[in-house]
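Some structures to go through are shown next.
Each of the next two complexes has chain A plus one more chain, namely chain B in the first and chain C in the second.
Moving on to the complex of A and B:
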C-alpha cells in the first residue's frame, strides 16, 4: 500500500493511494498502524487525505471504522478530507460521516483539526 | 520376494545411495587386483587393440626381410614340402648375399622322404644300377646341414604342452644367462613347455642357434610374445632374440631378474623392458607387402644383394593352405612369419609396449579417485549435471589412456576403470531414481490428501450454503392466500456462502416486516455474522419493538454487544401496513430503497437513516414514512447489484439500476422486477466472476383487497 505522510503544523496528513478493496484493506490498516498509535490526546491529530483513493469497499470502510475506534479510544482526533466522487458516494450511502468527520479539502481538514486543538 | 525388493530399495536409499556405491567401489577395487580374472578383461584387451589401431607402429627402419615361400614359389618349384636340397639352395643363395642372420620359420623334425637314399630304398629289384647311382648322391638333409653350417642360420622350434611322436624333451640351443637370480627363479616366471618340436638332430647340430616360435593367443589375437621361454629345465631364447644374438655375435642372451620376475631381456647392448614373464606387448604396424620377397625370385637370382645384405632374414611360408594366419590387434590376418618380422622390427627400433606393474596401482588409484568423485558429486548435484561431469571424467580417463600409449608406449587400462565407475555411477543414479520415485509417490499422496480435504471442505461449504439459503424464507410459500401484496426475492452468494441477507415476515395481522442486509467481508465469517444478524433482527422485531426505527436501533445494540471481529452490517429495513399502504423505512448505511410508483417515475426512499450496524454504539436510527398506492413496488438491493463488475472492472452502477427499474418489464409485478434487474446485471457482467453477493427484494402492494 502506497502511503505518504506529511506534517502540517501539529497535524499528520496521511495520503493513501489507489483502491482500498478486499485485498488492499489489510495492507492499508497495517500501514496506518504507526500513525494511529501516535494519534493520542497529546499526540498529533490525524488527517486522512483521500484525494488519491478512487475506490473503497465495505472492507475498506471497516478499516476506517477500526482506525476511528482506536483513535477514539485513545482520545485522539482523526478526520478525512478530499474524497473523490465515488468514495463520497459510498460515504453518503453508508452515512460514514457519522463515524468519521469529513472535510471537503485538506486545508479545511487541517484548519478544523488545528482549531479544535 | 517383495521383502527382498524392499530391503534392496532401503539399501540403495540409505545415505543418498553413498554407502551402497562405496561398498560397490570397494568390491570393484578388490576385483581390479586380479587383472586376469576380472570380468572387464575383454574390454581391456579391446581397448589396447584400439590404442594400436589409432596409433599403429610406423615402420621406421626395415631391418627384416621375409623370404616368402608364396604361391608363386610353389608354382615355380613345386609342391610343399620341397625336397630339402631346394631349401638348402634357397639358404645358400641368401647366405651368399651376407645377411646378418637367417631365421627359419619351418620345422623339419623328420628326414626328407625325397633324399636319394630314400628313393633308392623304394626301387624294385633289378634296378641295381639306378640304386647305386642314387646312393652315390648326397643325402638332402646332409646337404641342408652343410648349408646351415656355412650360414648364420637360426632354426625355429615350438614348445608343446603334450608329447607327440615328433616332440622331444630337449633343444640343442644356447641357454639364456640369468642375472640377479637363479635359473629356477627365471624358469618359474617364464612360459614353460615340457616338450619341444624341433628339427632333425643333424640340422640342430649344424645351426648357429635355435629359438622358439611359440606364441600364446589371447582370444584369437596375438598381443604378447615371449622373448625367453623354458623347455624342460632349460631357459631358451625366442627365435627373434636368438637371431639378434647371432647377428651381433654375442655369446648368450641374458635376463635380468627383479623381485617380481623378469625385468629385462638383453642381447649385446640391447636391453628390452619386459613383463615379469619375459613377454612383450607387441606394437603392431600395418601389414606391409614391402617386408616380403618371393623365394622363387631369390632362387632365380632376381633379388638384388642389398635387399638381403646385413638384414635379418626370415624364411617362412605364406602359401595358401600351408599356414594358419594370425589376427593382429589391427584386425589384420597375417602369416606367423610376419609377426616374427614385426617383433624383430620392434626390438630393433625399440618400439615395444609395456604394462609395468605400477600401472595396476595407478589404475586402482584412478578408480578410487574417480569413484570418490562420483560418490561425492552425483547425490550433491542435479542428475543432468552429474552425468555431464561423469562424461567429462570418462573423457579424461580415455584421453589419458591414449596419451599414455602414444607418448610413453604404456598400456593404461582405462576400460576397466570406465566399466567399474559406470557401475558406481549406475548405483548412484539408481539411488537417485529410487529417491525421486519416492518423492513423487509422497507428492502424489499429498496431492490426494489435499484433494480429499478440498472435497471435504467443498462438501461442508455446500452443506453450509444449503443451510444458509434454507434460512431465507421462500416468497412463494411464505404468505399462502395473501392478496394484499406480493413478495419476490433473490440471493446469489459470490462464493459458496455469503454475507448478504434478506428476510420478511408478518409482525401481526397487518404489518409486514422486511429487511435486506450486507455484512462487510465475504465467505464463512461474513455468513456466520449474517446468520446472527438475521436471527437477532427477527427476534428483536417479534419481541414487539414498535416500528422500523426501533427494530433497527435495538438490533444495532444487540449485535454490537458480541462482535469480536469488528464486522459491520448495512441494512435497509421496512414495515408496511398492508391494509393502508403506510410504509416505514429505516436505512443503516445501506443503498436507498427504490419505490416504483405506478403513477410517477422512480423514487429514492433515502431519509436520514444512520451508519451501518456496529459502527456506532447506541445510535438512534430514524425512520422515513411513506404512503404507497396500490400497485406500487418497493425494491431493495445490496451493493452486489450496483458494484457488479464486468470484464473491464467497471461497476454496474446506480444509474443503470434506476434505468432498468424504470422499464416496463420491471413494473410487471414483484417477480418481474427481480427478473428484469437480474437479467440486466447478467448481461452487463457478461460472464465475469462475481466479486460480491447479490441480493434483490421486491414487494408490491396491491391495496387492501
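Moving on to the complex of A and C:
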C-alpha cells in the first residue's frame, strides 16, 4: 500500500494511493498504525488526503471505521479530505460521511482540524 | 422457477398508516394537477399511476419474512416450497385455501432460516395446518426447531395448542451442508452469522438457482469466510439478501446484530457472478420513500463498482414475483 505523509503545521496529512480493496485494506490499516497511535488529545490531528484513492471497498471502509474508533478513544481528531467523485458517492451510500468528517479539500481539512476545539 | 414474496419486512411486521396513505394521495393529486395533458380513459389512469413511482403508487408492505418458490416442475404432485413462516405465511395460506380448498390436500415444504419470532409468527395463522390431509414438512438446522413452533402455540400465548392441529406436521432437522431433493428442486444449506445462528438456502433446478440468505451478518474482512459465501452464491440467478442496515450502521452501532447492508450484498454478488440481487428484511423504521431511496443508491453503487457484467438490483415487496 503506497502511502505518504506530510506535516502541515500541527496536522499530519496522510495520503494513500490507489485502491483500498479487500486485499489492500489490511495493509492500509497496518500502514496507518503509527499515525493513529500519534493522534492523541495532545498529539497531531490526522487528515486523510484521499485525492489519490480511486476505489474503496466495504472492508476498506471498515478500516476507516476502526481508525476513527481508535482515534476517538484517544480523544484525538481525524478527518478525511479530497474524495474523488465516485469515492464520495460510496461514502454517502454507505453513510460513512456520518462516521468521518469529510472536507472538500486538504486545505479545508487542515483549517478545520487546526481550529477545531 | 418463479419466486413470490409474501413477507419482506425485517424483525417485526409493520403497516402503513392513515397519514402515509394521505401523503400518497396528495402526491398523486399534485402530479395529476401539474400535468399538461388530461389523464384520459382507464388505460390512461393506469399509465398515470405507473408514472408516479412505486413509493407513491404502491408500498413495499409490512409482513415479516415469507418467500414462496414455485419450482415449475411438472412431476411434483401437490408440493409447495416456502422459505420461513413470518407473518406473510397467513396471506400465502389464504391463497392456497382459495386455490385448493379443504378437499384437495397439499404438501408444504418450509425451509427455515432460523426460529426467531418474526420467522415463525405466521405459522399459527397458516390455515392449511388446520386442514386434515395437508402435510407440512419443516426443514431446518436448529435442534430446537420443533420446540420453537410448539412453544409459540402453547398457553398462554395462543388459544389453539399445537397438538390440536389437524394436518400432518413433520420436522426435518438437518446438519449444516446437508442437501434435500424436494419438488424437483435440490436444496442446500449453509450456516450464517446471526444470534443463535441462521442458515442460508440455495435452491437449484434445471440450471436455475435461487439463494435465500436472510438474517446473516456477512463479514468480508475474513477472506476464508467470504470465499465460502461467494461459492454458495456462485452464478446464482437470484440472491435474496438481508440488506437491513447501511454499511456504517452494520459495522458500528449495529455490529453483531446479525444483519447486513446493501453494499455488502452488491460486493458478494459481484464476487460470485450472481445475476440478480433482491434486497429483503427491510428495516421496520423505513417508509416506502426511504426504501426506494436505498434501492436507487444501491443501483448506483452497483453501477460505479461494476466489473465485466451487470448485476440487476431489486428491492422486494409483498406481492413481488420474479420469474427465473
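Following the convention adopted for this analysis, the second predicted complex is superposed on the first by the 116 of 117 C-alpha atoms of A that agree within 3 Å, B and C clash if a C-alpha of one lies under 4 Å from a C-alpha of the other, contacts with A are read in each partner's own complex, and residues count from 1 in each chain.
FYI, contacts are C-beta pairs under 8 Å (C-beta built on N, C-alpha and C of every residue); 3 or more make two chains touch, one makes a residue touch a chain.
No experiment lies behind these values; they were computed from the predicted model shown.
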Worksheet item: For the three-chain model obtained by superposing on chain A, do chain B and chain C clash or fit?
Response: clash
Fill in: Which superposed partner A:75 touches (first chain B, second chain C, both, neither)
neither
Practice prompt. Identify which of chain B and chain C touches the larger number of residues of chain A.
Written response: C
Worksheet item: Thinking of the overlay built on chain A, is A:62 touched by chain B (first), by chain C (second), by both, or by neither?
Response: both
Discussion item. Going by the contact rule set out at the top, does A:94 touch chain B (first), chain C (second), both, or neither?
Written reply: both
Response to the item:
Overlap of chain B and chain C contacts on chain A, residues 22, 57-59, 61-62, 65, 69, 93-96, 98-99
Discussion item. Considering only the defined contacts, which chain B positions touch chain A in the complex?
Written reply: 518, 520-522, 566-568, 570, 587-592, 609-612, 615-616, 619, 639, 643, 691
Fill in: Residues of chain A that touch chain C when the two form their complex
22, 25-26, 55, 57-59, 61-62, 65, 69, 86, 89-90, 92-96, 98-99
Discussion item. Help me check something: in the complex, which residues belonging to chain A touch chain B?
Written reply: 22, 57-59, 61-62, 65-66, 69, 93-96, 98-99
Worksheet item: Taking the complex as given, what residues does chain C use to touch chain A?
Response: 220-221, 223, 226, 246-249, 251-252, 261-264, 267, 297-298, 300-301, 304-305
